[in-house]
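Pasting in a structure now, in structure tokens, and then I'll have a few things to ask.
Just so it is clear, A, B, C and D label the chains in written order, and each chain counts residues from 1 on its own.
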Amino acid sequence: MKADSERIEITISSRFENIELVQVIAEHLCENAGLDDDGSHWIGMAVREGVANAIKHGNKLDIRKKVFATFDLSGESLAIRIADEGEGFDPGKVSDPLNPQNLMKTSGRGIFYMKTFMDQVEYVFTAGGGTELTMTKQLKPQTD
Amino acid sequence: MKADSERIEITISSRFENIELVQVIAEHLCENAGLDDDGSHWIGMAVREGVANAIKHGNKLDIRKKVFATFDLSGESLAIRIADEGEGFDPGKVSDPLNPQNLMKTSGRGIFYMKTFMDQVEYVFTAGGGTELTMTKQLKPQTD
Amino acid sequence: MKVSARNVDGVEIIILQGKITIGAGDSQLREVITDSLSNDKQNILLDMQGVTTLDSSGIGELVGAYTTVTNRGGKLKLLHLPPKVTDLLQVTQLITVFEVYEDESEAIKSF
Amino acid sequence: MKVSARNVDGVEIIILQGKITIGAGDSQLREVITDSLSNDKQNILLDMQGVTTLDSSGIGELVGAYTTVTNRGGKLKLLHLPPKVTDLLQVTQLITVFEVYEDESEAIKSF
């Protein structure tokens, strides 16, 4: 492991009360990495949305199923992986919440918020089922 | 898994800045379980001491080595396991900080604090090296 | 979430405090709106000053509340938005949907 | 940890704020005590009001500071202990070692 790299892993069962545990890890990690309160807050919000989806849509609130979160801090770059034991989905079919016909919908903004607060949001689906969400964020703009 | 049981796992590398991540998980879990701020605080302090020892004495600040923490909440009982990749030690040889000749020592109070704040503190040493500390706490006194 | 309410000049001011997030406070918001409507209080001002965390579910509940109240011929407006809540409404373009006030008496007059 | 100091009637009041924990603030406390002694300020009052977290390492540093100052013929006393810090000193019986004050002027007169 490089001196400036760091990996934190946390596993929770599928209860909404546990979302906060993962969010708080994200915020503390960002603060330790020198990010300001606001920056840390928005990354924490993206994590909250990702974990909420894993619990609700992925594991369908089955408390026997786990959500696995990994934080990789390497230099100035933070990669967050959130995996569940659900059945996956087709990200191509997720509708755009900014589309006027979706504006007044009561759901469908979680992934949009993640994309807004993070630099990159990617989904991978594993053979055994389950969704693996990876979000990355450059903590300070690289200058080169 | 029973409806009232919950397991949270977190893995960190051996940096003092990461102590707080584990402590904060402990505090949040306790608050979610209905413990008041003070109760949660002291459990968080015991966790802090346990993780600090794992990083300092166990893994000797080698950031390639990990500290593994597990929280098991079952009914009203919380069991916290903190494991490191160090060489273990002989708990029987740890001196009593209340002994007058130790009163003015600048160290040697960590395990004592854990024992003060938790109901039970146990050490197990695994064949492959490493220390496994288990601390338990009854969150509300059982009435039966 | 903690909820309290008072009525000023026929406007039901509902004060929301704490979290409006998935599994915490989202259904509570729905209930308090339903209660208000069933008591024929159809002009509702949500005071958001004390809202500490709002997620996409909470935002969804706000939108749902707006629709419910409007469909019943009432009005739902927002008061004292914390800056981070404003941000959440802005990026989703919902800020154009809600009437937002900084000053309570101004908000009440607007109904 | 943040540290600031002022001198009143020959007593160096050192105000500690934030964490005194392993890897954070523990060595800083040692430095500020050494500095004070090397400037011939041997009567030291540590104002602990703003200390948010103290662990066994921080407690060890306080004990070390006490010994260092006493060995140099000075006095180290504590002011404004937060309740949780008092608890930590109490269970380890260190509360009998330190002179603790609630009132600053009283503390200063005692030197």
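We adopt the following convention: a residue touches a chain if its C-beta (ideal position, glycine included) is under 8 Å from a C-beta of that chain, and two chains touch if they have at least 3 such contacts.
Because the structure is a prediction, the values reported are computed rather than measured.
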item: Chain-contact steps, minimal, separating chain D from chain A; value: 2
item: Graph separation of chain B and chain C (steps between touching chains); value: 2
item: Chain C-chain D separation of Cα centroids, rounded to whole Å; value: 49
item: Where chain A and chain B are represented by their mean Cα positions, the distance between them in whole Å; value: 28
item: Chain A, residues touching no fewer than two other chains; value: 17
item: Touching two or more other chains - residues of chain D; value: none
item: Complete list of chain pairs which touch one another; value: A-B, A-C, B-D
item: Chain B-touching residues of chain A, taken from the complex the two chains share; value: 1, 3, 6-13, 15, 17-18, 20-21, 24-25, 28-29, 32, 63-64
item: Touching residues (chain side chain B, partner chain D) in the complex; value: 16-17, 19, 41, 45, 48-49, 52, 56, 97-98, 103-110, 112-113, 116
item: Parts of chain C lying in touch with chain A, wherever the complex brings them together; value: 21-24, 55-57, 59-61, 63-64, 66-67, 84, 88, 91-94, 97
